[in-house]
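Alright, structures below, take your time with them.
In the two complexes that follow, chain A is the common piece, with chain B as its partner first and chain C second.
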Partner chain A sequence: MFSIRRWCLLALSVASLLCADAKSSTGDSVLVVVDPKNQDQYSTFFEGLKDGGYDLTFRSPKAEGPVVIEDDAPNFAHVILLAPEARNLGKDITPQSIVQLLSRKTNVIVALPTKQSPLHSLAAEFSLILPPPNTPLISYFPKRDTPSTLIPIKIEDHSSPALTKHIEPVWFSGIPASLGSNPLLVPILRAPSESFASETTVTSGSADAVADSVERGGEGLWAGSSLSLVTGFQATNGARITFVGGAEIFSDELAQKETERHRQSGNAAFSREVAAWTFQENLVLRIDKVEHHPVNATEPNEQYTNNDQVVFSTYISKWNPTKGKWEPYSGLKDLQLEFTMLDPFIRTSLPPVRGAPGKYSTSFRAPDRHGVFKFVVDYKRKGWTSLESSTTVPVVPPRHDGYPRFLSAAWPYYTGAISTSVAFFLFSTIWLAGEVNERKRSKGSKAE
Partner chain B sequence: MAGTKQSPATASQNPLLSLWKAYNDQTPDRLKFIDAFLFFLMLSGIIQFAYCVLVTTYPYNAFLSGFGSTVGQFVLAASLRSQVNPQNREEFKNVSPERAFADFALGSIVLHFFVYNFLG
Partner chain C sequence: MPSLAYPVPTDLSPATVKNTASLFRIVTLALISGAAIASRLFSIINFESVIHEFDPWFNYRATRVLASKGFYEFWNWFDPTAWYPLGRVVGGTVYPGLMATSGVIYYLLQALNLPVDIRNICVLLAPGFSAFTAWATYMFTKEMKDESAGLLAAAFIGIAPGYISRSVAGSYDNEAIAIFLLMFTFYLWIKALKLGSALYGTIAAVFYFYMVAAWGGYVFITNMIPVHALVLIFMGRFSHRLYVAYCSWYAIGTLSSMQVPFVGFQPVSTSEHMGALGVFGLLQLVAFANLVRSHVSSQNFQKLLRIAVVAIGALGASAFVFLTYTGKIAPWTGRFYSLWDTGYAKKYIPIIASVSEHQPTAWPSFFMDLQMLMFLFPAGVILCFRELRDEHLFVIIYAVLSSYFAGVMVRLMLTLTPVVCVSAAIALSSLLDVYLNPVEPDEEQDAVAQPAKSGPADAAPSTASSKSTSSTRGIFGIDTRLVVVFNTLWMLSFFVFHCTYVTSTAYSSPSVVLASQGQDGSQHIIDDFREAYYWLRQNTEEDAVVMSWWDYGYQIAGMADRPTLVDNNTWNNTHIATVGKAMSSSEENAYPILRKHDVEYVLVIFGGLIGYSGDDINKFLWMVRIAQGVWPDEIQESNYFTPRGEYRVDENASKTMKESLMYKMSYYRFADLFGGNQAVDRVRNQHAPKNIELGLPRRGVHVRKLDRPYLPSQERGHARAGSEERERL
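Up next is the complex of A and B:
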């Protein structure tokens, strides 16, 4: 038994050594749905992924296979849909199947077409409100010699949680999306504030055309920096999907194109960052284990008594994409612990412990209330994997002999009861003594 | 009462003083002794109640048993008083003073048993 376990461990460690160059935390197989004619256009993006250790499989939108879900199990860890022009992406790639992929923890990058397509209804499922068909993003600023639909966009550092590095300005061509109020959305690239979505006809950009598109869209003006061009979405199970307003942002042409001041554009780095976030390389956390025990003990209690001092600890790891392994992570500053019975009775910060990497610990007094409680860690931040942990533990009132005795506050009552007893005893003694005296006296008087 | 003592000249007019005098003159010593006990119990009860209202009810069981012991003891002592009072002899013909005291003692012991069980 023991040796079998040891062999299993050995096999596991060998397996982890073999795939040490895999940088994603969920796997390295990628299906790319791209038109074979256009495949060379994105070679920089694909080479970047291959260098990162990904295993790319290409498939034409017209081809039947390889299928994404076979026998109810996903065949690939990640899927890139990079064929926006195709009318449909194949029999097995529909908006429904993409949602299924996500629910089976497969990550997806979707390039949205300018024309009407099934992907529009998919985007609507994720609270992305797309402009009417054939209304790409247009900007006349800054003055440049490229078409008005090809826009250089500056990226501020830390403008999105998903972008971890400094990135040079990128070229973008495609459609924007207005975002709904879904908290799971992670905007990655915002539209410049001078830009707007409009038809690219002769009257493109004229006031009338904008007003027309506003009326047809019925969703307000498609303009300004509230629009999102590249939008991530993290499902509650951790799977990530990214909607990109136009596939050109990944293309070699734009990756090599110079932005102002003759510097190479940041498209290649941006594409890599988008893939890194979507394929769960960056900002991936997990809870390794949780512990709870009374103060001055190491073993957990089966149940806690009212007002017990309880210590709760959790160990959190972050995926390190360069080493390809989980590492203890003490960088969370705003982690909270809740002790709940329907409502949180206690909500306290769960700070990292100095000298113990990855450990977060706090101690608190169990509430003066009995019932079935839960230790809840619920950490949801934009871009980060959501951490959820719940441990059920009963809190009981003290046993009949567990209550505190001889409280100083109760001494007047104790004195009252004791003095009554003493007084009763004295009273009885004196009463009986008096009776004896009387009897003697009465006897004496009789004798006389 | 201190005031009435300072003005003995008007004592005969003061109803409280005359009541006190009549009590002193006409009450047998045994009943006075019981009355002293009753007075002590009443004081103790008042103090505990005031403490409970003004300071804390926290060990409520302790308050209930402490206060209850004074009240119960008061009731028992009061009934002893009425039974041994010579004026009530007609009413308690078949209860001798010894029997009355035995009842009182037994009742008190049972009361204290409960009080100490509940006091904890």
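Up next is the complex of A and C:
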């Protein structure tokens, strides 16, 4: 009940968003923390966002306001921290407050500086392992006339779940990060396999230094395609944060720069895609409602009996950023349903129902075990909103009159009981009758 | 012509005497019932009409379901909030007699248009049934001796603290009605045995069924009656009266007891019930042998018959052993073993040992609960030996068995109390008979041999015609009589004072509401338990699972109405051990357990602030022990002691202790209350630790709700030591 009401509210808010022509599923207000001097460098990126319907508010790192969290509520739906070189991002923007923003479902894009800064410790909390300060990513391939720290990177289609379109190669300059084992991480842009992170001085930036560290067993070596340059992280409550290795990737300069001859770089499109994923435009799903009922019924039971046939359905919608509304989505092929009490007793696939968009349904037999069970839908895929739904329902043993009354296997016992009763009756009759006869006979004999 | 010690009126017709005596008896019984009920109302007067302790809360909750939804819904009631997420099939795991009784009373009063709240019926059920118990004891003792002994026994059982401890108003537990059923079933059995009546045997079986439906202690009857029958057979007292009484009781009683869902097929499949079945079989053999013997006269054949009976008996016994060995008959339960070896439970079943009412009884509690009855009791048993009729054997066996059990387990004091009252009444009544009898025996006559049967009522008319003068001195003189009689009266009145005192001070505390006395004698009511439960009720979602130690399960369910992981119906040791493990593990290890069980709140009782010794830190070692029983690799009791083997909570506490969830939750921000001074735990008289960090796990972004209602309570005085018998640990 409660969840349905909540979804109604959400639908209302979605309707109101429609009027504002917003494309994000969570809101259109964006706070951009950027040095006013550099603001013009990112105009392509900002214009792209504005075209998407976002409402940008700019704030200098030195300014006090507008504050991000006021009275325990976030003031903006999204925050972009594009001032990596600033020593301080403001009194109210600290690693702690960014975590608080996330827990209040605000999406954040963070551009990481090359120098040591508080943002490094923030990244560490999200299982990003950054190289030592001042060690940007370096690559000497392909041979080009740009500095070795400005690297063109090819993006394969479907290389990351967060990128939904084909994107031309992009220019990158900044630091890489090695990823921890946190399953909530979504790497968006991988480093080229021939790149590595190192200090930019002549001696250490050379190939010899790399060879040396390889000889030491890879210690201190930050190299290869396992490094991630742009990394997303989706918190358990759905909020998304993206760490970008360098702010330059958003810049106008790189957006206009050609990667190959007469071929403009994909930076603008890439930036837009990163923002689209982080601001919950793409790959956003939700469970509209779940329902369960016995087979051949429409209303849910308050409790099920052992071995009942139960039908479980769920309705899933996907956010359509172009139309700016939720649409039923039947595209999930690997959705599963678990019926658990401490451990899953039943785990079955929850296939989409043909002809009913967005509906996934399955039917199964309740286990022969009583207890408080949960219908659990737990769908976690990298890049996608995680779908979690848990509906509690007790499974009870049959009622006292719910058991079969006569069992064919019990016929020997029925026969025993009936035959004993009949025999007792016959015996009593014969006994009583015989007694009378005897007495009569004895009387008769006396009379004789 | 016997001489009289004092003059008795001579102009009364026997009918008048008889009628007056019977009127006196009725009035006395009514007064005894009134006293029995009144003395149990202290708890209502001192506190309020509230359900007490732990188990009664479940019974009360179940009764409410029964009253509101009817019997069939109650029978099929599956409680999803208990033992989350396992749930509890209440209808099949409960002795429904108590709830059914209250439900019937409730519906009856509703039908009479008396709108009485179900809670008040529950609160007052135990005092009401204590009046019935007094009556049943009167009937029982009357069969043993006579009416005067019966009245004494009724008065004793009415106010004996040993029985009051389980039947004060608000103590809504199975024992409340079970003791009445116990005594009444015994009375009916004696009656059936005396008369050889199938009717009384059947009525005994019906009340036995009621008893089975009401209390797990019915096993006492199930074994008591067969033992009596067996002893009678072995003493050569087999008779057709015994045969009829036993067979009608056993056949109907067993069949009807199997109708209780919780009992089911136990009467034919568990060891506890096999004695009754064996005696039943033996009786058939003996009866058959008797029948054959009366028809056949040959000496040799009779010898053969006797051998055959013994052989078949031995064969039956070995069949029983074989079936137990192969598992067809369930072996004895742990609770049963702990009756014979008091150390058994501590070694193998810590969950039984952790309940303080399963501990051996301390000597002073015998005198506290029974006072002078304690030393009259053996005298009564010896008096039973003097006549040794069949029913006297019953009292003797009952006395021996229940004395042993009462010594082993505190709670079985309850079954001892009736027989103590009966035999003490027999002893005291014999004494009074002798000293009140106005007839002076002749010199040659032995004073002791005075037949105990002739009470004063009978004696008066028989000696009405005598005109001999009464002597005022000497061994039969009025002075000797007065000394003894007044001494007895003084003892009786002192007994009443003792019972009243013990009842009002020790046994009338509801334990959910506590009282303390200030230094000026003023009374303070401490209601923290109920406040905490109502906090949960008002501030948490309806389906928020609360984890606490099992002691508080029923109360959380009853007062806070929230799902609990474990409760006082300790049927699943592993689940309890899981809670124990969560409490005694570090936060990192406890958190996955809490998540798995959907726990949202953890309730911890802490009494260190005002010295409430029954708090969770003091129970903590039992949690550790029970968890260790299931996970010996992860939890070890020795880790919770200091290297010197002490159980400490201050800075010297062991590392495991300091990291445990229970410890952290108990002392989290406790030092803040002392405003910078040294924090002191007043229960353990140790310095409390400072700066306890109760870390919230930050896996991604996630908020964990962990609450800890603060439950300080006051100090309990020594006067109330007896009431702590149900406190765990």
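Assume the second predicted complex is superposed on the first by the 370 of 448 C-alpha atoms of A that agree within 3 Å, B and C clash if a C-alpha of one lies under 4 Å from a C-alpha of the other, contacts with A are read in each partner's own complex, and residues count from 1 in each chain.
Throughout what follows, a contact is a pair of C-beta atoms (placed from the backbone, for glycine too) under 8 Å apart; a residue touches a chain by one contact, two chains touch by 3 or more.
Note that the structure is predicted; figures quoted are calculated from it, not measured.
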- Message: Looking at A:417, would you say it contacts chain B, chain C, both, or neither? Reply first, second, both or neither.
- Response: first
- Message: In the overlaid three-chain picture, which partner chain does A:353 touch, first (chain B) or second (chain C), both, or neither?
- Response: neither
- Once the shared chain is lined up, is A:103 touching chain B (first), chain C (second), both, or neither of them? second
- First, second, both or neither for A:69, with chain B first and chain C second: neither
- Task: Once the structures are superposed on A, label A:428 by its partner contacts, choosing first (chain B), second (chain C), both or neither.
- Result: first
- Task: Look at A:179 in the shared chain and tell me whether it touches chain B only, chain C only, both, or neither; answer first, second, both or neither.
- Result: neither
- Message: Residue numbers of chain A touching chain B in their complex, please.
- Response: 403, 405, 407, 409-410, 412-417, 419-421, 423-424, 427-428, 430-432, 434-435
- Message: So in the complex, the part of chain B that touches chain A is made up of which residues?
- Response: 29-30, 33, 37, 40-41, 44-45, 47-48, 51, 55-56, 58-59, 62-63, 65-67, 69-70, 73, 77, 98, 101, 105, 108, 112, 115-116, 119-120
- Task: Quick one: which bits of chain C touch chain A in the complex? Just the residue numbers, please.
- Result: 72, 75-76, 78, 80, 84-87, 89, 91-92, 261, 543, 563, 596-597, 698-703
- Note on the structure: In their shared complex, chain C is touched by residues of chain A numbered 99, 102-103, 125, 184, 235-237, 239, 303, 341-342, 370-374, 392, 394, 396-397, 399-400
